[in-house]
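By letter and in written order, the chains are A, B and C; residue numbering begins at 1 in each of them.
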Amino acid sequence: MLDNELLQTFVEESTELLENLEQNLLKLEKRPDDKELIKEIFRLIHTIKGSSALVGCCEITNFVHHAEDLLDQIRNNLLELNSEVINILFIIHDIIKDLINSLIIADYEIDIDRLNLTIREIQNCIDVKNISYKRDKKIALKRSEQSKVYNIKVEFNTELFQTGTDPLLLLRELNELGCFIEVYLAYKRIPDFFEIDPVLCYLTIEFVLKTKMPFEKIKDVFVFIEIDSNVKIEDVTKNYRENIDETLVDKKPGEILVDKGLLSEEDIDEALSREILTKKRKVDSQQINKVLQEQQESRSIQEKSTIKVSTDKMELLMNSVAELVISQARVKERISRKTLNDDQQLNASLQEVDKKIRFLQEEVMKARMVPIGNTFLRFRRLVRDLSRDHGKKVNLVIRGKETELDKMVIEKIVDPLKHMLRNAIDHGIELPEERTALGKVESGTITLDAYHREGYIFIEITDDGRGLDKERIRESAIKRGIISNDNLPAADEQIHELIFEPGLSTSDEITETSGRGVGMDVVKSNIEALRGSISINSMENKGTKYRLKLPLTLSIIDGMSVIVGDKHFIIPINSIIEFYQPNKSEIKSVSGKGESVRIRGEYLSLFRLSKLFSINNNVEDPINGILIVLKDDDKKITLLVDEIIGQQQAVVKSLEDNYDNVQGIAGATILGNGRVAMIIDVSSLMKIAFK
Amino acid sequence: MDNLILIVDDSKTVRASVSYTLKNAGYGVEEAVNGKDAFNILGMLSTADKRPSMIITDVNMPVMDGISLVKEIKRDNRLKFIPIIILTTESQEELKLAGKKAGAAGWLVKPFKPEQLIQLAKKFVR
Amino acid sequence: MVEKKAYQDNTMDILNQQLANIAAENQFLTFIVENEEYGVDVLTVQEIIRYKKPTVIPNTPEAVRGVINFRGEVIPIIDLRKKFGFDTKKYNRFTVIIIIEILGKIIGMIVDQVSDILSFSKEDIQETLDFSSDIDTEFISGMAKLDDRLIILIKLEKLLSFNEYKVLNNIDDDKNINNETNISNDELVKEDD
């Protein structure tokens, strides 16, 4: 693992923590008295500070330190949490995010001014005198050239083993610092054999160590035990020349023995006078039980066993499954119908394989599905900031959080969704005064909703603002030559659709967030690139609703294989209502207006695929071909094809990979015989048909 | 295992950093994300008759803080002799004492340098 | 359909082999379109294959004849004759498709005939000026002279810009019907794996 990986881990973790932080800040804004929230926020900041120091990102550590100071004051009730302070907290979040981004994005520019300004603001808020934290005393280690001799006497605490400390390892550590001239074990404390408690420590050891290391280094060895063991270190260099204790000369043997702790009389006295720690139950069993219970009850995030898989890997998996489907089709192609009919076992085996592949495909698809809730929640911050910037009051309502979407699809719709939110806040929702004047509630409401229906996913953004201004759109469109005066579309719907034309903007000034007119057409093409579609519904003064329709999966679809002339096409099953073979009386043709067919009393437009795609056909008269009734939302048409081959799964190969987007075509697929067939996009086909 | 070390910390970065340093120095490392997780892992290791030679645990963790974890471990007869090191920050002097009182063998102040970690390991792991 | 092995298969195989062993600087694969010789940077060439009947993409510019399955990928096939403004010829056994990769996209070009792989030194190549008014010269990055042969070197990125053709062709929808009338009996239609 390289330092790079460690940095990546740090960035990943911190990004998650920051997202948590933001959500918590948003909650805090509504409930500034919530102590638990403040604690949690402090903990998040604290963790980020610790981790950043660990990986050496001092810039982050230093800044977060200031943030921590601020939060410390707040949590100790020394600072009031008003809206100004909360704002600073939001800015702190943004700055930390910036700093983290600068770690991984080359040439990323950090707003230094904002950073410094924020630090000053923090310092203004807090009472600097209140902060007291001890700084670690930096011990300057100087290597002395001269060897010194130290006498180290350690009387190990009887309970030493309880902490898992092994005196032998301490000895070794000491030994590394120099060399032992003398070592004495005082076994005076060791009781009679039969009274020895094997879990207690009765050791008292005396070392004489010759070392070049400074005093602090020796002290360090005992740093953990000096609290409850007796450690005495003495510089006795002057006593030792030639490694012999010269003070011994003047002492009586008895004294020496006593000094060395080998004599028993004094020892008994000592032992009796020393306090022996009784084993106290330091933990109340009730408390422990409570904590354990809380653990089980809380839905901790780490409980779920999850693995993070990159989108690329999922993409690869999906593609592999897709290729598997193609290969399977090819195998089937090679086996003639006769063989299949004759060989029952072969048939059964193939069906087995079919089932298994389908299952695999569904599971892989499910694995890629992620609830859209997270994405929606991220928008809260955006909505808050934008409303503040524009002086509007906006309430964001989120529905359908659990609706699951393909991970890749989510990634690709985030920008379009953001853009539509911007539009809603910038243009849609009116200023509070305007709203009250109109009799509306002061706060505008934007609703985000997501749901599954008929094999598609729908995402809606609704606002209760002023709605689209038909007149201005019409004017703007005429001005830019998108429509001409004699060709005016009358229906509201058509006028609304115009906002998807490139270059159209009805805003007089270009605000920072929108109004440049490069918006909705790009949104539309982004959605269409995902084989989805977008529609608008708007009413003056009531509001606007955007509806995105996206396919459940990008890669494999269930399709109906049809033929026109000598060409194969695949039509997605989801869009097919029924097949119909009309008789002569049911077909009506009006010159200049086209054809239609009457099915059970209802008249539907009839289109010929051969005409729409300008290709040859074999069947002219609809009564000799097949009509397919197609639907897109609530619109229905019938499509004439020569023949229907049958149902098949089709792996969608995007035309855009190597070519370009084509109207009416959702993509291509490779058939069992190796040929390429086009997959029809019903939505845009209808658009072509009605043009 | 003779040189297995268990690191308990809710921060991915800290776990990764400790793991990296200790593995490079030749130790085996197991990771736990909080007290409960640590117990699960210790339980599994025990049944395989393996026990870590040292446990390093953060103090500030949700659900079960480090000091409580120390106390819990000390109550378990199979585990109580494993030396436990608590991770504190410079502003938490009092925790060092609290830790020792609970039965911790020592402490390490964050942010720490890799050498400090290795030095610590040498103190408690053969 | 019966596969006819065109005699040019040999040439193709040889060229493909050479392609595989290229260590190329300033090496070009040359081919012929309407009696003119053109060249493309050999490093962009993936393979040379026999003509395969493409699947038509509806409502696309004339020069885009459709798509084929090339090793599991769906790639567009461009008729260079049409692109350069000539009438389409009947496809026969000399007709090949050169598969190139440019800007991350794989596309195929239909040419009359492939010639050779040639090396040019910098001196042999003469850069042309950009005549942006004339569509033809948009594609040319330079001219190379070898003996008395004049080889027009092609700017491949220009082949990718389908858009200007889309715009141009929208003016007159009828002209853009992609008809399949130009295939001769010699055409090799059998799909291979």
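Simple rule for what comes next: a residue touches a chain if its C-beta (ideal position, glycine included) is under 8 Å from a C-beta of that chain, and two chains touch if they have at least 3 such contacts.
Fair warning: this is a prediction, and the values are worked out from it, not measured in the lab.
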item: Top chain pair, ranked by number of contacting C-beta pairs; value: A-B
item: Greatest separation from subunit C - chain, by CA centre; value: B
item: Geometric centre distance via CA averages, subunit B-subunit A, whole Å; value: 29
item: Distance between the centres, which are taken as Cα means, of subunit C and subunit B, whole angstrom; value: 67
item: Cα-centroid distance, subunit A relative to subunit C, in whole angstrom; value: 45
item: Overlap residues in subunit C, where contacts from two or more other chains coincide; value: none
item: Multi-partner residues of subunit B (at least 2 other chains); value: none
item: Subunit A-touching residues of subunit C, taken from the complex the two chains share; value: 54-60, 64, 66-69, 72-76, 105-107, 162-163, 166, 177-178, 180, 191-193
item: Residues of subunit A defined as touching subunit C within the complex; value: 323, 326, 567, 612-616, 653, 655, 657-660, 662-665, 668, 670, 673-678, 688
item: Complex interface listing, subunit B residues touching subunit A; value: 10-14, 16-17, 20, 33-37, 54, 60, 62-64, 68, 71-72, 74-75, 80-84, 89-91, 93, 97, 100-107, 109-112, 122-126
item: Complex interface listing, subunit A residues touching subunit B; value: 1, 5-6, 9-10, 12-14, 43, 46-47, 50-51, 53-55, 61, 133-136, 161-166, 169-170, 172-173, 221, 223-224, 227-228, 282-283, 288, 291, 294-295, 298, 300, 302
